[in-house]
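Just passing along the structure, written as structure tokens.
Per-chain numbering from 1; labels A, B, C, D, E and F assigned in written order.
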Amino acid sequence: MKELFAILIGAMLVENFVLSKFLGICPFLGVSKKTSTALGMSGAVVFVLVISQAVTWLTNEYLLKPNNLEYLQTIAFILVIAALVQFVETVLKKLMPSLYKALGVYLPLITTNCAVLGSALIFVERDYGFVESVVFGFAAGLGFTLALILFSGVRERLETADIPEAFKGMPITLIAASLVSITFMGFASLIIS
Amino acid sequence: MSILVPVAVISGLGLAFGLGLSYASKVFEVKVDERIGKVRELLPGANCGACGYSGCDGLAEAIVNEGVHASRCPVGGIAVVNAISDFMGVDEGSIDVNVARVLCQGNCDNVKMKYNYLGIEDCHAANVLAGGMDACNYGCLGLGSCKKVCPFDAIVVENGLATIIAEKCTGCGKCVAECPKAIIKLIPVLSGFTVKCNSHDKGAIARKNCKVGCIACQKCVKVCPSEAITMMDNVAVIDSQKCTNCGECAAVCPQKCITNTIVQR
Amino acid sequence: MENTLFVNSSPHIRSEVTTQRLMLDVIIALIPAAFAGIYFFGIRAALLIAVTVISSVGFEYIIRKVLKRNNTIGDFSAAVTGLILALNLPPTLPIWMAIVGSLFAIVIVKQLFGGLGYNFVNPALAARAFLVVSYGARMTTWIQPLTKATAVDAVSYATPMGVLKGGGELPQLIDMFLGNIGGSLGETSALALIIGGIYLLARGVISWHIPVVYVGTVGLFAWIIGPEGIFTGNPLFHILAGGLMLGAIFMATDYTTSPMTKKGIVIYAFGCGLLTMLFRLFTNMPEGVSYAILLMNVAVPMIDRYTKPARFGGKAHV
Amino acid sequence: MFKDIIKPSLILFLVCAFVTGALAYVNGVTKPIIDENARIAEQENLKSAYIDADNFQDPKTADLLKSEGIDAGDAIEKLYIAQKDGKSIGYVVAVSSSGYGGKIKMLVGIDNDFNIKGVSLISHKETPGLGAKASEPNFTDQFLGKAPEKTFNVVKRVPNDENEIQAITAATVSSKAVTRGIDDAVALIRSMAGGV
Amino acid sequence: MAEKKTKVSVLLNGLLNENPTFRLLLGMCPSLAVTTMAKNGLGMGAAATFVLVGSNLVISLIRKIVPDKVRIPAYITVIAGFTTIVQMLMAAFLPEINKQLGIFIPLIVVNCIIFARAEMFAQKNGPLLSVLDGIGMGAGFTIAITIIGSVREILGAGTWMGIPVTVNLFEPAVMFILPPGGFLVMGLLVALFNHLTKKKKEGNGLECESGCGVGCPGCSKAANGGEA
Amino acid sequence: MKFQDFKGGVHPSQKKNTMECATVKMGIPEKIVIPMVQHIGAPCQALVKKGDSVKVGQVLGNSDAFVSVPVHSSVSGVVSSVDERIISGSKPVVCVEIKPDGLQEISEDVKPPVVDSKEAFMKAIRASGLTGLGGAGFPTHVKLNPPKDTKIDTLIINGAECEPYITSDYRECMENTSNIIEGINHVLKWTGIPRALIGIEDNKPEAIKKLAEAVDSMNSISVHSLKSRYPQGAEKMLIKTLTGREVPSGKLPSEVGCLVMNVASVSFVAEYLKTGMPLIKKRVTVDGSSVKTPKNVEVLIGTPIGEVFNFSGGFISEPAKLIMGGPMMGVALYSDEIPVMKYTNALLALDEKDGKIPQEYACIRCGRCVDVCPMNLLPFDIDRLVKANLHDELEKYSVLDCIECGACAYTCPSKRLLTQSIRLGKDVLRRRAKK
């Protein structure tokens, strides 16, 4: 239990995916303009991360490892993730149109999101078990959510700020991200035990 | 031999997903009119919202489902309109594209000031204070409300007067709706001379307030060979249908408020 | 006469309070702490303060020029930033590092975002965090106050928080109150800071909410999570130690980076207190005030969003 | 049916098959090299912790040690036996310790007389410029020589005792962490010697 | 992109006009994560270029036979194949750099640049142009992240390509090789790039400012958004 | 009674210089200009034309609309023109200009009305030309006619006079005390409202005392002292303070059983029922840094304001700004030709120093505007969004609830033009709603 808690806090705050591991930067920058979209994207990411962690873990454990095919991890994982996302999207569209409306537009973006594949590669690297992997995915998603939501608030404020011409748009967004990242350095030495 | 296992595993995955996805997309299919996607591709993709729909997707949907005319898109110009019309199988014929014009030349040098305005740079804000600080109650206030809404950066405000850069203007009409003085008009690109004044004041008053205001002297009406000019409530108005772009009126106007507005596109 | 009358939308009168005056008040309120710093750490402290303030104002002037904007050094906010940054530095810091800190605070954190009022994190604190991350060793090298200087071990000296982490003899509370301890040059004297705080309160520059809730929260958690189990902590130690007083009175209260409504402000100050104790007790860092305030700065837009007041006779829109 | 389902699936199948085939081939070519790289890297790491040795025997894991009745603390990960010219001359202990930013993994070489022969940090997450200095010889060389009976002592001044280690400025946490790891390693070797 | 595509223009496109890093802001993760050193930038750039060229080529060859329904999985498989190959090659022949780049090598699979180019270019063009596009984009990416890496390495560690360069001019500010420094340097460089290449804004300046390629609502450069 | 206070508010310096200046009557001016719109509601049609001669109290304009009141001539004389003029709003207004003959012949229509029923009372009020004299100019007969299903239980008499400078309501209380009480009783009688509360700010103790004495024996009327704080006199704030009720957003006072009338309005009701003379004169406080002798002046409606200033001894310094109303809510005028209107309660002439508003600086997010806003809005945010044209966002900020009291702009240390920005925001939202 304590282990899991450590993973949870660790992945959320200490090694925040976006702010200190640099995973999932594209959606972080692309979808943080408005808090409402940020919320939708976060929901979708958490959802996909949890499911994909479970599925990729199973793939790795029962398909690749027994056959000594670890070198195919990248290709197998990405296939599984892509198919999973597309499948979820198709099903949601039909069965839960309202949820699809809320999350759907973000789903395809998630396939090409480092965070999902990244967390799969990380559980391999760290030799996590099934539950640990899933918790890790969930925590990484929460960390992503936290960063994205906070950042979307900041960006909404930047929208009406009087920013120098050359810095308008992406540059100031990156600099803002830098400042947010500095503040998250505070968590760097959080002792989880 | 060692190749067979990996190939089997991954291709098996591929096959399974291929079957699964294809099957799922069949079972869970939601019908979408493909034409929407096609039209969306033909649109310029600026997503500016100038058409009044939620971005290009919105307009594409409206074109297909509601039969909205493609010229709603101000960005793409005639080429896009024609391409979409072709695709939708409707012949729209040639359309005349409009550009916006500010019917006023009353900059700070030309028009007298009624008072010294202290406040927000916005024409509506000044207009509610006794109709704005210009002595002429019909002229451009020059605080740039139109400029703020123009999605195409086509308006410059200088010396208290807004001017539209015809090359950039797409005729979207946003400024027309915005101007509190209602002095921006959409005028066909190809039509020539325009009276750039909107003052309904009597001649004497108009002359007192502004150096370049129409004083309703009727000289242009008399000189126009095509009888295209009429006086309407103390301002001369040129009918673009009748105007032959001869330029006689501009030559006689004592106030120099008729100008050539032909736009080369 | 007609043409020259002024016309504007009402109201036609304005209060006496100006931005400039508010900033000046903050500077006045910081003078006791600055003098305490000079008294305890010597002339070098005075030099650091002078350099940081002058370079902050200088960078503000230069960057506004470069960006072709109007000159804003007259609003004194750059001077406030410089002064607060100086008070956050260890007395031994090389001068050039202090100048780099000013550069970061004024140019990167403040002016790139549009200047006064547009930055979303506290410039002085962000600069401090930048210096700590970049020059960790220099930023955590403390000296003993002159008043205590014994020849031995004058160079490397622990702050109260450092002692708590690293072991050793805890300083006397009275020394901590007066400022007779190691630490950043403006943070040690709680007395001087409180005098400044009272001045700000009296002048109506700040309201009591942030300092009281912040310090209260820290005290409460310090008491609850004590070394010998629950409710055995010494709140006074945590309240007087480190940069809490400076943070609670002068840095968390920065208008630009704190919430707009009283409700939001209370949440914000509570968050600052909670995070400060989280950092102090559960991380290897000796001090958590700066990161706590910075993190809450980042959360301000969200706090503002969810503490929108209910309008008179109705509900709030979220 | 064919057009909608079978054909796409088959094409995907083929793409997968081709790609995987290619991969398997490349893997066949590179695998031996990669394995060899890994082996060399490991040996080099071990060597940096014990320069005199020329070979290292297969490691024993902590669990294995425990099952042999040796009191291996939680920090111990692996134990290698260092050999020179086929003769066992000492040990290399892989040990981990919790530093400022997370786990610090290191190798400690100790000879049969409890002399520390080398310390090498394999991986750590300490802050560059601060804690990261713990991997530099400036710091690790302090440990070389006879290991103390009990433990090393981290101090913040110039050491005036064999057993004292000068902490890296402003990185006491990292300094202590490394020292703790070395203490654990020494304790393991001493307990084995005592036990054997 | 109405102008005609000559081979040279396609090649140069990636360097300036549509520089994937500074202009399109694609593939931000590796651009930020691995650029603590100039050398890493080079290594990452080379790896990505290899994958870009390879997958562009293969995809432009098979684009006609792959049905829409499985287009994405098929393309991803191809990209993943090349990624895995480059991963194995690096592990075998450049173990040092491979270790530094860590999981960002396999993450090339999801690097938006690759997928975006596959969808936007290889999908629509023949093999030759696609390969050129891959080279151009790869070079643009490599140069960009090497520059970022250089700046960060010099400011943050005082070295360039591992060689000390600042002597004792200043003490390097460690922050630059930490995450905040990545964002900061990237932001400043993008601003500089914008400033230097500022031409008269074409059209209306309404393009999505991020150009991230993830196809967020409102993005004209959407690579794959909404099509899956 | 325990009063619940409203939140926020500001304390501008009172400057009630004219408290002790008993009202002086001003004579007949050179010309009189009567605009056909001096109220909220439908404009009146001019019933006279150039060359007509008119008498005092004669109806000059009227309208069929319910929400409208007639306008009357304040002099006898000859109509010299009927034309459109810009007064202070964006649209020109039809104005009747009269050259007075100095005889002040009273129209034969002027006679005390016969009031024997509620309907007759309402009709009489409308005929009197009364619009709220508290400043908003809402036709009083409309107010007195609440929708059928609303039950009004409290009549609130607004004597707060919270704006700086103005003392005209105070003078009303001091000089016409009995008329006020009489007027209240008329309103109570004909509307069936059981009680009336008179609210007066505590900086006018004399007025409180005098009214309290006057109502001494009546248990349906009570006088209450209010804390002096701007905008205490705003209808919603006053109701909140006196009854603890909060008028719901977008609703009228009748929603919470209240009806608010200004002291001068009720006083006029009594006067009219006695004499039948419609609303043709107004007490106006004349003050400001440029005015030589600040005064309370009784002026004929339609008098150009320049003449009123002349009557107050002219200017001691070149005025830079002329304001109709108080400094917080009043309207700055572009010319001294503008006539005194029914709702005019003060005329201020400020010199360059007082009249110029300071330059705007960036918002420092100090939160003062939020603290003082009595409507609990977020002025700085609205300002920010309006300036950035983010109109979609704006809809979530209750912009239309703003009462334009100006407290936020007054208090802002960065001197931002918050109230104007909010007005603009309202304008934008209304325009959007129309689309």
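Throughout what follows, contacts are C-beta pairs under 8 Å (C-beta built on N, C-alpha and C of every residue); 3 or more make two chains touch, one makes a residue touch a chain.
Model, not experiment: these values are computed from the prediction.
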>> On the document's contact criterion, could you list the chains that touch subunit D and likewise touch subunit E?
In response: A, B, C
> When you check each chain against subunit C and subunit D, which touch both of them?
Replying inline: A, B, E
>> Between A-D and C-F, which chain pair is linked by the larger number of C-beta contacts?
In response: C-F
> Which chain lies the greatest distance away from subunit C when centres are computed from Cα atoms alone?
Replying inline: B
> What is the chain whose Cα centre is as far as it gets from that of subunit A?
Replying inline: F
>> Rounded to a whole Å, what is the gap between the Cα centroids of subunit C and subunit E?
In response: 41
>> Distance between subunit B and subunit D based on Cα centroids, please, to the nearest Å.
In response: 70
>> For subunit E versus subunit F, what separation do you get between their C-alpha means, in angstrom?
In response: 67
> How many angstrom lie between the CA centroids of subunit A and subunit F, rounded to a whole number?
Replying inline: 60
> Counting only residues that touch at least 2 other chains, which ones in subunit B make the list?
Replying inline: 6, 9-10, 13-14, 17-18, 21-22, 25, 114-115, 118-120, 125, 128-130, 133
>> Two-or-more-chain contact residues of subunit A, please, as numbers and ranges.
In response: 71-72, 75, 79, 83, 86, 162, 167, 172, 175, 179, 182, 185, 188-189, 191
>> Residues of subunit D that contact two or more other chains, please.
In response: 4, 8-9, 11-12, 15-16, 19-20, 23, 27, 31, 100, 127, 129-130, 173
> Can you name every pair of chains that touch?
Replying inline: A-B, A-C, A-D, A-E, A-F, B-C, B-D, B-E, B-F, C-D, C-E, C-F, D-E
>> Residue numbers of subunit D touching subunit B in their complex, please.
In response: 4-6, 8-17, 19-21, 23-25, 27-28
> What residues on subunit B touch subunit C, complex-wise?
Replying inline: 112-120, 125, 128-130, 133
>> Per the contact definition, I'd like the list of subunit C residues that touch subunit F in the complex.
In response: 1-2, 4-15, 17-19, 21-22, 75, 77, 114-118, 255-262, 265, 308-314, 316-318
> Quick one: in the complex, what on subunit C touches subunit B?
Replying inline: 2-9
>> Show me the residue ranges of subunit C that touch subunit D in the complex, using the header's touch definition.
In response: 133-137, 139-141, 153, 156, 166, 284
